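We call the chains A, B and C, going by the order they appear; numbering starts again at 1 in every chain.
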């Protein structure tokens, strides 16, 4: 009797799961900022996509960069906002398709910041100080700054007293501001946003420098996702137009002027840099 | 030994000890960069104080409280189902490996060779299962099979399964043999001997230990989120990274309440085993808790199905450890750092524990006793990983923070044990000295400590064996050692490097265990 | 007066152990305390080394009332009083040299005491004390490796090393063979005589008491049955003292274990 009930319930659950999977697009993002901020940023974009695609869109918060890569490769999510480096990792470990990127992502930069009390004004003065990258898997918070530092013959582990990973760009600012580390590096776009929003105490954190430009973020889907759906998603992103006030709100939250198509070849440079920096084998 | 000489025959070794101990401590301090004076430094104290002051008032933000409730439920569910899995794994392994059920121990039959080989293999498996810290299991599973609470449940199941397998086997071995031997002599099977002879004898102890482990599992699953495996740790990790003091404050309060609650439930349950009605209530409670846990976790598992293919791919990459020279050098420095952090942290905790044990036992002023006991509970109740995160805030990134975190947390653990030792030590020797006019400190050092010291040292060595594992994972919050290298390797999908690092952790933990066992035997 | 009881009485756990006792020992006097088990000999000695506080009357030790003194003065007074215990409480892992050296802790500064713990000091004097109880070869031995009799003699070596002005001993030779017991009591007496110290020893053996002490105090049921010079202690007196000797009463603590409940 009980066993019969249980198995019926199990079947119903399984059926519900299957029917769900058809109409639901599960989206995630590398947690390059605080989870609450990610959700805030995504909400209007999610509603827009629901309308355009005619299906439910769900945001799956993830605490760690590499976990997004694993989840995308494991088909646990359908689409993700990836950094250049996480995209390279995901395409090495499975089949993924990059759809669009922000126009800004083709010339992205990182900012070096320093605790104001340290009195440091040049990168070379950071010798023997403590330094924070963002997440180890971050392009703008780790890979590219490391790559450019190495070009200047700075090997972080030897040059700095200690190297830490704050995990996210806004965390890096909090760390430098509190004096937990002397200096750090983060995504230029997040830095600009925090400065505009007045969330950086300029008496505690100073800008030290900017890296040369490189390719970064994109929206990527898993390779096994329906090709038509892939195209629909791409079109939805490309249709976003800053002249439309509703669209402008979405673009502003994404800190994009517009979205443009992208292709895997754009990230060959990142792959080469990752190999040179020893982060990719 | 029987020397009339005025020269101390143990002079050389005492001198060596007197010189070597401080030198070793100083060397360890220099290598890990741990400078106790830094704690008194205004800047350090200021940074930490500002953060701790932010704990008040704790955050009462609606969404945050809602998240907290949800993750508390998840934490409880992970711990309960993880422990259930551990029992399912540990009990059969214990039955297969326990010497208490071997026919050669019970009725002197010659053991079959293939059977012995299988037992050896299973025992080695148990060592690996429990030798890898639960948090590292979780980290591996999150990387291999994706997000969510399932990796946390599996991690607890594996690590605790290994532990339960060993302890269950030992509990069975400590039972009187007669009944089992009689059954075995009449030809009963292994399972029958267990069911009819040993289980009735050992049941209460087995259950009581499992309940105690459930209590530990709650503490463990509360920090699993630090590696992305769900539960309260996820919130704590984020709040700590963002330096959001109010949220950390709320989480700490919740955490203390949770620990107190589970300790209470655990105590009541262990008392309940002894009566029939209590046993039935316990069984019902356990089953409903388990059912509720699975019901709660099921939607999460459905949404993020376990990636078996990914696990397989991961295992293939993983099972080829990197043995490149330059990488091994890097691992070697990580091993040394982890070893020194654990040793120095434990040594400092010995001092801290001793200083706290005096007022916490019946030796100090009476008014001081309750507050110090409270402090000890706080020190040991707050998870080591959290101490690690706070220590990083105070001392900056690196091994020094690891030393501080271990020293603080272990002081709480040892302080309580040391106080118990003191309360059990006969006061005669001390009193006799006091009545011949010796001062307080002299009475303590000549009368009390020589009696308590062997026990204290044994406790500290035991704790060191535990701390070597903790030191290996403190790197996850930036406190140096092998943990940081492992986290980096797994973040960058350098799985063969991760394999080498885990191998190094296992070897290190095995080495420290053997060394400590040897030392304890010499002391006893 | 080295020791003076004025109607001093003692109760423990609501039981009266000692009735009000009045007693005086002059400086340099040597007195044996005898009586059946449970008579209160150990309790009397515990009053005399200021372990217990009398609940009636008063006591004076070396001319001072210990219970009127402040802590430092009490410490100074106690350092001049030495006690030998029937079962000397020696920590198992402590070495004999340290255990005996602890006899002078009352006279050492805390710093000096700690230094001695790390590195043995005054070893020659400690060895002399041990040689007097024929344990010179045990200087570097650990206490848990000693027999009961050896431990008792280490306890005696400790007071010899302490050189107190008032020496109190509770059944100090109970674990020794008769020959060694005789030598050891003689040693205590000779040491006290030589330094002009006062000696009060409780003994189970009447023979030993009669052989070595000019004055004997008989104690029974917490009362002084007699307090007489050796010559006046007659067999009938002794017979009355030990008449119908009963097994030890649980309430009366032996020295050593008695300290367990010491209120001080």
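We adopt the following convention: a residue touches a chain if its C-beta (ideal position, glycine included) is under 8 Å from a C-beta of that chain, and two chains touch if they have at least 3 such contacts.
Predicted, not measured: the structure shown is a model, and the values here were computed from it.
Chain contact topology: the protein chains form an open path, each linked only to its neighbours in the line.
Placing every chain at the mean of its C-alpha atoms, the farthest one from chain C is found to be A. Between the Cα centres of chain A and chain C there is a gap of 82 Å. As a whole-number value, the distance joining the C-alpha centres of chain B and chain C reads 50 Å. Computed from the mean C-alpha positions, the centre of chain A lies at a distance of 35 Å from the centre of chain B.
In the complex of the two chains, the chain B residues touching chain C come out as 1-4, 6, 8-10, 14, 18, 426-429, 431-439, 441-443, 445-447, 450-451, 453-454.
Those residues of chain C that touch chain B in the shared complex are 49-51, 75-83, 85, 88-94, 97-98, 102-103, 105-108, 110, 113-114, 117-120, 123-124, 127, 136-141, 162, 164, 256-257, 259-260, 262, 264. Of all the residues in chain A, the ones that touch chain B in their complex are 13, 17, 26, 34-36, 60, 62-67, 69-71, 73-76, 89, 92-93, 130, 132, 135-137, 161-168, 170-171, 174-175, 178-181, 279-281.
Across the complex, chain A is touched by residues 43, 47, 50-51, 63, 142-147, 225, 227-228, 234, 237-238, 241-243, 298, 302-305, 307, 309-310, 392-393, 396-398, 478, 487-488, 490-494 of chain B.
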